[in-house]
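Chain lettering (A, B and C) follows the sequence in which the chains are written, and residue indices restart at 1 in each chain.
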Amino acid sequence: MTTIGSVLSVRHLSARIGTSQILHGVDLEVPRNQTTVILGRNGVGKTTLLRSILGYVEASGDVELLGRPIDRLPTHKRVRAGIAYVPEDRDVFRSLTVEENLRLAERAGQVPRYDLVFDLFPDLADRRSQNAGSLSGGQQQMVALGRGLLAECELLIVDEPTKGLSPRVVQEVVDVLARVKEGVTILMVEQNLSAAQQLADDVVVISEGTVVASGTGEMLVDRDKLRGFLGVGRSEEV
Amino acid sequence: MRRVRVLAALAVLVVFLFILPTLDLPTFGILPSSTGMPGSLRLLAIVVITAALAVTFDLLLGQTGLLSFGHAVYFAGGSYVFAMMLNYTSLSFWAAAPLAVVAVFAASLLLGMVSLRVEGLAYAMVTLAFLELASVMVTRGYFGTNGESGLRLPSAKVPEYFIGIRNVSNVYSLAVVVSVVVIASAALLTRTRFGLVLRGMRDNPLRMRVLGYDVYWTKLVIMGVSSGMAAICGVAYTIILSGADPTTTTMTFSLSLMFMVVIGGSGSVAGAAVGGAVYALLLQRLPALGDSVAGSGPAMVSDIVREPQLLLGVIFLAVVFLAPAGIRGLVSRAGAGLATAARNARPSRPRADASH
Amino acid sequence: MDTFVLLTVAGLSIGALYYLLASGLSIIFGLLDVLSFAHGALVTVGAYAAIETMTRLGTPSLLGFLLAVLAATAVGGLVAYVIERLLVRPMYSRGHLAQLLVTMGAALIMAALIESVKGPDEVHMPLPKALEKSIHIFGAVIPVSMALTILAAIALHGGLLLFLARTRHGLIVRAGVDNADMVRGLGIDVSRSFSLVFVLGGLAAGLGGALAAVYVRAATPSLGDTYLVYAFIVLIIGGLGSLRGAFVAAAIAGVIQQFANYYVKAGAGDIVVLALLVVVLLLRPQGLFGRVGRSV
């Protein structure tokens, strides 16, 4: 089933939340050591796709990580199978310190990569004992990314890391991801086209719960064509 | 069309309830005796009042999503205030009854103003605290509540047609009238615009707030309404028992309201009524059932079977696990199953033909 | 003066009993958003377990009493574990009301089972001589049993705070209170923490049952109900989800209850505690230690 070189393959993934069908049979391959960026307008099911892969949303279809089916596993076992997850809106543990947030990401049988994390985010080292809830949005994003990078993983899933951040911080986050993307397989949702352009090796466009286009990062160059896939007018900001 | 049929069925049910005392139907052990006998009528009166009480609770939990652990305090309140007015004031029977309801209604608004300052489980816990206060006052016999033995109505003040075994059918009729009025009012309320707002509060309080509804006042109003209705039931219950019963202030009784609504199917007036009726019937009749079963088994088993609370607990867990939507869910599922069976039983199905 | 000290100590010891129940409820509520009605019945179960152990061991001795306390604690934890695995866990996907309802069903069944086996009447708790003694503090005569109850609550509170602050399980519990879904997303089986806090709450409730049996010298099948209601009140006054709040509120509630019962009238204590609850709700609905966001 798995395409050679794919870290994650998703087949016919359908999901509903309550009574509304969000995903209609999504197929997706995430190649090794590549960064795959999912694009799409608000509400087309990008986050639901990631959350279905992680097992937060009940879904039907096949999800394989390195050829091993994980779609029957509970969330924590899917993650232990080799996924790191950086959720939308950061979801740091607000009443815990930065250090405690990171400590929760330690995994049994692995040496936690604190050196890497503090090298990427020197800010966090200074704020170890600060409550994560008192950090700025950008700093919280760094905690969330740090949590994702602390343990080695086969696949890093990142949901809109630049959402709600100031342009300067957006560039910081993009730079960090650009540094770590060598040697890591990444699946990310990103609405910010310039950020996507800097990071994407592959692009998948989702509309109305299905994949409507996919290709290499080159797709992002022809903005008009991209607008067509996304289903937005010429004048609209993508 | 469906609506007309439902209304007709309900009308038949109400008429049936009213003429029941004259019918003297056999009850096959469900009731202590045939329907016309005083023992059965008294029990049926309790059953219909409990059904109405469950409906008043469903207005909170099922319709508004407002979880209360202490709703029984208004039922007990109606009961005790009524009994105390008759015992300690010169008010007449028919003056005390509405006054007791008004007093409880006013008290519920006061308590609501305090308890609704918190939401969710915290609100439920506060309501339980108020119930506990009532329970303490009653068990210690404060304010003339007369402690564990309950407070009897002074027979001189009770109209003659409600006194004695001969007049049980009058008491029963009163219970049916009260029950029908309360349940019908609740059913009508859920069909009004206000009823729609309540369900909006239940399903999406945030949305309702954004739409400009005052969640606090809406909850306060429905709390007052359902508490007032519970007080009406409480007054009727006192007349049935000829006195106020201290067990109505216990936590177990108050929490059992949740059992009733869940057994029947939360969010439906009819479901809550059925749940309340079934619960009251089980509670009254399980001990007798236990006795008849117990004769044949070892002592330990018979002791256990004789505990109605135990069986109720098991039944309740079974409902939560096996029939989350309660009796109503079972009925509609059985209905759907019958419909499917009927469809499948049809001899020629176009698709089956096509596949040949 | 000695009356004042005695009333204070008596109040603190009854507050300690409230805390033994409230602490577990507080952590369970924080993590699972559920109130466990079963924990009131666990107090009762613990009390009967302690009485049963004492009675079977014959002449009351201090060692026997220690065994009885251990037995009560263990039984509380064990029953809590069974309830969590068999009843509460299947309801996690069904929402909070279903979880609440199964704990109520469990409470009802436990109370009924106890009543059917032990009867509805009071069962006497035999006490060793050492516990009947008193010690002298500030000129007041303090019964040993009261001092013991207070010490147990303080030890539990300290132990829980250490557990939450210093251990990895405690860290997971605190994170789970914040966002249980995200804990799963880090590859941690948070449902194990659910069992853990349920069992911890059960152990504390069982211990509370044994000490409640000491306090009232007896047990009835509905013993735990009253403590459960007061544990709820204490949680609201202290601030739902705050362990420190529950600790302080339990002490306050116990003490003012004793003073009102002594100086006003037996039973006035309940009214005063209720009045305190109303005042707190009006002035500070989030409770003494409550924050707008939740945390343990």
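We adopt the following convention: contacts are C-beta pairs under 8 Å (C-beta built on N, C-alpha and C of every residue); 3 or more make two chains touch, one makes a residue touch a chain.
Everything numeric in this text was worked out from a predicted model, so none of it was measured.
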Chain pair, B-C or A-C, that carries the greater number of C-beta contacts: B-C
Of all other chains, the one whose Cα centre sits farthest from subunit B: A
Chain nearest the overall Cα centroid: C
Approximate Å spacing (C-alpha centroids) for the pair subunit A, subunit B: 52
Centre-of-Cα separation between subunit C and subunit B, whole angstrom: 32
Distance between chain centroids, defined by C-alpha means - subunit A, subunit C (Å): 44
Parts of subunit C lying in touch with subunit B, wherever the complex brings them together: 29, 33, 35, 37, 87, 90-91, 94, 96-98, 100-102, 104-106, 108-109, 111-113, 115-117, 225-226, 228-229, 232-233, 235-236, 240, 266-267, 270-271, 274, 277-278, 281-282, 285
Subunit C residues within the subunit A interface of the complex: 168, 171-172, 174-175, 177-179, 181-190, 293, 295
Complex contact set, residues of subunit B against subunit C: 67, 114-115, 117-118, 121-122, 124-126, 128-130, 132-133, 136-137, 140, 142, 251-252, 255, 258-259, 262, 303-304, 306-307, 309-310, 312-314, 316-317, 320-321, 324
Complex contact set, residues of subunit A against subunit C: 54, 56, 74-77, 79-80, 85, 87, 91, 93-96, 100-101, 103-105, 107, 133, 147, 151
